[in-house]
Amino acid sequence: MKSFGAVVALRSGTITLEQGSIHALIGENGAGKSTLVKIIAGLYRRDAGTIRLRGEEVDFHSTAQSKAAGIAVIYQEPTLFPDLSVTENIFMGRQPVNRIGRIDRKAMRAEAQEIFARLGVSIDPDRITDGLSIADQQIIEIAKAISLDARVLIMDEPTAALSGVEVERLFAVARSLRDEGRALMFISHRFDEVFALCDTVTVMRDGSYIATEPIAETSVDELVRQMVGRDVAELFPKLPAEIGDDVLVVNGLTRPGVFHDISFTVRAGEIVGLAGLVGAGRSEVARAIFGVDPYSSGSVRVAGTALPKGNPNAAMTRGLALVPEDRRKQGLVLDESVSRNITLAIRSTLTKGGLLTDRAQNTAAALWASRLEVKTAALDAETGTLSGGNQQKVVLGKWLATEPRVLIVDEPTRGIDVGTKSEVHRLLSELAQQGIAILMISSELPEVLGMADRVLVMREGALTGEFPRSEATPEAVMFAATADKEDAK
Amino acid sequence: MTATTAPPAKPAQPGSSAATRIVSHVFKARETGILIALLAVIVVATTVNPNFLFSSDGFRDLLLTPSLLLLVAVGQAIVIITRNVDLSVGSVLGLTAYLTGRLFIDIPGIPVIAVFLAGIAFGAILGLINGALVAFARVPALVITLGTLYIYRGINVAWTGSDRINASDLPAAFRGLGTGQILFIPILTIIAVIVLVIAAWVLRNLRSGREFYAIGSDPDAAHLYGLRVTRRILTAFVLSGALAGLSGVLYAARYGTVSSAAGTGLELQAIGAAVIGGVAISGGVGTVWGAAIGAYLLLTINRALPILGIQDFWQRAVVGALIIGAIVLDRVLAIRQHRKLIEAREDVR
Amino acid sequence: GDGGGDGGGDDANLSVTFLPKNLGNPYFDTSSAGGQEAVEEFGGEFAEVGPTEASPTSQVSFIQTAAQQGVGALVVSANDPEAICDALDEASSAGVKVVTFDSDTNPECRDLFINQATAEGIAKVQVDLIAEQIGDAGQIAVLSASANATNQNAWIEMMEEELAASHPDIELVEVVYGDDDDQTSFDKTAALLQTYPELKGIISPTTVGIAAAARYLSTSEYQGQVALTGLGTPNQMREYVEDGTVTAFALWNPADLGYLAAFAAQALITGEVTGEEGDTFEAGKLGSYEVGADGTVLLGDPYVFDAENIGDFDF
Amino acid sequence: MTATAPAPVPNTRPARTYAAYSRPLWRRVLLTRESAIIGLLVVVIAVSLAVVPNFDSPLTVTYLLRDIAPILLIALPMTLIIITEEIDLSVASIVGLSSVMTGILTQAGWPFALAAITAILVGAIAGVVNGFLVTVVGLPSLAVTIGTLALIRGIAVGLLGTTAVTEFPEFWSDLAKDNIPGTPIPGIMIPFVVLAIAFAILLHFTPFGRSLYAIGLNKDAASFSGIDVGRTKFWLFVMSGTISGFAGVYFTLLYNNARGDNATGLELQVIAAVLLGGVSIFGGRGALHGVIAGVLLIGVLGSALRLAGVTSDIINVITGVLLVLSVVSASLLAWLRRRRISAIGKKKERELAASSS
């Protein structure tokens, strides 16, 4: 069991890894998968429960201890040292040394190259990791784990940013490790991968263990039911909305190295879904539109007027709002109160005679908190103490308070429990009904398919598909999101 | 500053032979640029006044004057590499220099080596106090060492009172260390260079050395990784303190007189030397070689200015310009490199 | 409480505070010791305060504190003739008598100045010493205290006049400032020798400077080649006189200077003198002194120390 | 925002109501870091009045306020800068340069007012340089201002050597020193109080002030909320330069002395006072009244100790200890809180274990 203040991230979880087998762990965002991994790795201390390794009870106080015990972990977030070389990143803290403790760089380099050869990738082992693509960073994480020669290998969404070919190579390595008699744990949101690679599957929901079954005895439908805990249809309360004129027009937006020639429109009352794999560049496009990131060419128009580049303030006054993907880092000032967070974007409009008072902020914040039913004791509670779903509502409230015409939401339900999730969906639907143009970026296919009137798909910085609601099947969207460059052309 | 615009240290292309890799590495290293600048200063000053290099005093002072700063800058560089900073080094130097004199006065006949060990140990303890406050209380090093800068200096002034150490209080053999030479190389410089070489070797070749870089490069990742962050930060501060302590002992040997103001303002010079030498204030980047060359460049410019007919009042302005020039340069190089990497990725696409 | 204590006879407030240019300077340690001896003799209360670095602004807060404490008299060696004037004025109006010694302020800012020797006398003795040591020809340089030091500047000016008048073959090439800081003075000496390879002699009219310069010279190739003289204390210079780095240097007895300043302060407090020209007062073992023009009291002529007589002194 | 935008989200469900604050007013006001410092200040003043002879004289107030006026002035913009998680180490050098400019220009025969305005402008330009390097070039402010600390000081010392200008018009130097008629309070307190009120309003009661805290706590979230982080910081550095320039003019008049090395080391005193006043070096926390109390605390302590015959080195030690304690105590409290939470977690665990067995 593990709790973060008020949030109970992990209630109960029983999971047994066996030698020579690959065990899948699946569950919705925020189900507690990563928390479980971090407890096993010794990064978090469990509040209750036991971990046994080869029958013996263990209790790791630090990641160094779990490493020493032969447990290698690939975390969901890459943990690289940007200023150090690729080789050093792989071997940091356990570099091969000679008798007097001098690092044997040659051996280290050779070993790194050997691992890369085994993975079938060509990364210069001497370059610094700063500037590597997310996929390459993930490959280095994998190389790091392999080099550990661990008995237990835990991979938290290692394939999220990889292309088909890279995934296949990783699978080959994983299978060979399994055949060597190691125990592997594999976390993924992609069912095809789970079925292709794993032997057993465990499902978690809301921090609780649901079921463990051999992969041969279950099906996708069964797993989804276990993950969601209710009918999926109920999750996406899509209301009919009247679709009006173009409100957001993006034309030929390009930022070298990140995205190319992105053009699309969003109309009043329409929900446009933007799908794609992690690292496809969707968030970057959203940030460029809003003006937080620069772009080199192209234009953005809101209701007919062009937005200046790199000026979020101008975008806001023209009626654009962006609920960013990482609410903890980009959406909220966690150390500040709920009321100050809700009023941060509208602070200038709340002044009386140029002065901004707590009272004005509290009044405005109370309005939006009650409309969105934020669960908090008082408006001066630190936002960081709220649960994930309520934090997300605070971000939504902050942006709805600006009364936008165009609302861009980036991963609006990431890490939110199922109940709140459907609330957020209903809210988005209602907003669309009132004529707000909504661009919804999401990595969850069911969410995109369930909510969007139109689905755009991005892959490697380019728009690769556009489907009206009726034609947006999971297969079509996934194909546009993953197909190799050559196939698409 | 044009001499320092060497291209950034960039990874060699795979497949090139080891020899060409080393050559290109040396050629492209950030330290090379600053070394060229140093040589240029020496050449220009010597052209104007040959005594700058070609008199025995000139040659000696060229090597000797920056040796003390070099030691402190090496310690400072290690601390900065871990993404911290040690503002108290000047005060630590002052305290140990005074301790050195006191030991000679209060314990007649004390062996010189014992004084050295005492000075280093004392500096290390002062460093340990800094490190413990930073590592355990998780308070930024800037604030802690600003506080200990005051505290150590205050203790020094209170302890010294008006009993400054005079040259006559120190044994001649000890003072000889401060000015003596072996084969035309001042002893102080030899000590400094030995320390430098050891520090450079450790930072490059030992696991613990590399961990300093890892911690400075990304402290959170270092924590995830299971590196012993607390211990390494403690070590960095202890090293910085010990080196400041060592240079305190050497300060007494070189200058003979120790007042309570010894080493005042040294912290900025040490940070300046490190930054000029390519040690990034944001951690994870740089070498002690760079810091050492930075120390030589700083003090050699100081000595060259009067020879070039520039009033020495302008020295500090030159130091400031150098620091700003160096960080702007590093920034420009970093942006250029980043753009190249992006372009490379674009090409692959 | 009221004042720093009424130590002396009558009801006069005989507390005397010494404020040298900076603390930890052996010259001032000696003068303050002389002052203390005198204050104890006449039964007053002695205190010494001061900044660690010789700057005028840091002297001001000590002057203010003395005024607040209501001491009887303040005995100051000024780091700047003007900068501390206002603070001294305020102290005066708070009833504190102000005596300057060693380094004066503007005459309006103090009651008395105890002059160690006349500027002419000091300048002349140093020029004569260096001329004798370098054979009355060649380049010389001056290593002074800070560029604002009143007395040093006055002496240097007089030295220049004296050189121009009586020693045409001696060229004064540069005046550098060691700020009465040991390390700075040391490094400045090195730089001087580097910059002027033809240099024959250095005059350092400050005790910190001459000691640092001697220390540098004694270990350098210039020992015995470049002459050094100036104002120094025997204890600091003994070693260098003995090893031949320095032949002769001058100074007055700083203990006597402090002693006289303390008695002058007492005379002001008791009203024995007011600072008018012609007033006279008794200064213990030193005998009787008369106030000269501009409220100046002269200690005497500078004394030349050399290998012969240096053994007789201990300060 | 146009009026035609549709009013979003009508909600059919009954609205929740929210308490504005979870704690009563007196606890929110009294149990703060700022109150602790103010309390400490009051205690120190009371003890000094009782114990230190002459501390109760009006002269004490006059000298104290005069001496700490430059620190008080510069602490205002410094507070704002540190709240945005930056730092300006070059302030004392700007004071020095401004002082030298005042001196040189007055010596050159400029009318004093013009010389002073020019000196303040020079300070502002120094601030522009800092701001440019930090926000446009994107360098860390610590490194930048260590560089400009040396550079600007070097220019100041270079321009005037170690000579000094000590002749200033009587009218102006009296103006700087004179008390407000009928009080022991120096006149410089009038511009200070005006500035302090202006800064307090700016920081605590304007949208601009709100944005400073947001920047300090979460730079990304701030820029995602439409705050121009770069421009905001740029103006803070300009502000800091300008006020340091003004402090330089005051410093010159107060001591009748324009020297290159004026106010050396003042930056450390300012930063120490700001941090002591409860501003977090990590940014995002702090209030102006705490900072003013912090400056006064250091000043009063120094003044009382000097009067009591304690030497300046001990005063420095006390300042340093206060500074270290003030930051360590914050960490210590946080650590204690964490321990309490984990103790609660352990208790839960034991209860769980007890109930399951």
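Order of writing sets the chain letters: A, B, C and D. Residues in each chain are counted from 1.
Here is the rule we use: contacts are C-beta pairs under 8 Å (C-beta built on N, C-alpha and C of every residue); 3 or more make two chains touch, one makes a residue touch a chain.
These figures come from a predicted structure and were not determined experimentally.
**Student:** Identify the chains in contact with subunit A as well as subunit B, in label order.
**Tutor:** Touching subunit A as well as subunit B, we find D.
**Student:** Among the chains, which has its CA centre at the largest distance from subunit B's?
**Tutor:** A
**Student:** Rounded to the nearest whole Å, what is the centre-to-centre distance of subunit A and subunit C, using the mean of the C-alpha atoms as each centre?
**Tutor:** Comparing mean C-alpha positions, subunit C is 75 Å from subunit A.
**Student:** Centroid from C-alpha atoms only, then distance subunit C to subunit D, rounded to Å. What do you get?
**Tutor:** Distance between chain centres, rounded to whole Å: 40 Å.
**Student:** In angstrom, rounded to a whole number, how far apart do the mean CA points of subunit B and subunit C lie?
**Tutor:** 38
**Student:** Quick check: how many Å separate the C-alpha centres of subunit B and subunit D?
**Tutor:** The answer is 31 Å.
**Student:** Would you please write down the residue numbers of subunit A that are in contact with two or more other chains?
**Tutor:** Within subunit A, no residue contacts more than one other chain.
**Student:** For subunit B, write out the residues touching at least two other chains, lowest number first.
**Tutor:** Where subunit B meets two or more other chains at a single residue, that happens at 157, 260.
**Student:** Can you list the subunit D residues in contact with two or more other chains?
**Tutor:** If we look for residues of subunit D contacting two or more partner chains, we find 161-162, 311-313.
**Student:** For this structure, enumerate the chain pairs that meet the touch criterion.
**Tutor:** The complete list of chain pairs in contact reads A-B, A-D, B-C, B-D, C-D.
**Student:** Which positions of subunit A touch subunit D when the two form their complex?
**Tutor:** Going by the criterion above, the answer is residues 1, 3, 5, 45, 47-48, 290, 292, 311-313, 315-317, 319, 322, 324, 329-336, 339-340, 344-345, 347-351, 354-359, 362, 365-366, 369-374, 376-381, 398, 400, 402-405, 427, 430-431, 434-436.
**Student:** Using the touch definition up top, name the residues of subunit D that touch subunit A in the complex.
**Tutor:** Touch residues, subunit D against subunit A: 1-2, 5-9, 11, 13, 15-23, 201, 205-207, 209-211, 213-214, 217-218, 220-228, 284-285, 341-342, 345-346, 348-349, 352-353.
**Student:** Where on subunit B is subunit C touching in the complex?
**Tutor:** Its residues touching subunit C are 49, 51-52, 55-58, 61, 65, 157, 160-162, 164, 166-168, 179, 255-257, 259-262, 264, 303, 306-307, 312.
**Student:** Would you tell me which residues of subunit B are touching subunit D in their complex?
**Tutor:** Contact set of subunit B toward subunit D: 85, 133, 137-140, 142-144, 146-151, 153-158, 260, 268, 271-272, 275, 281-282, 311, 313-321, 323-324, 327-328, 331.
**Student:** Mind pulling up the subunit C residues that touch subunit B in the complex?
**Tutor:** Touch residues, subunit C against subunit B: 23-26, 28-29, 52-53, 176, 181-183, 186-188, 190-191, 193-195, 197, 211-212, 215, 219-222, 235-236, 238-239.
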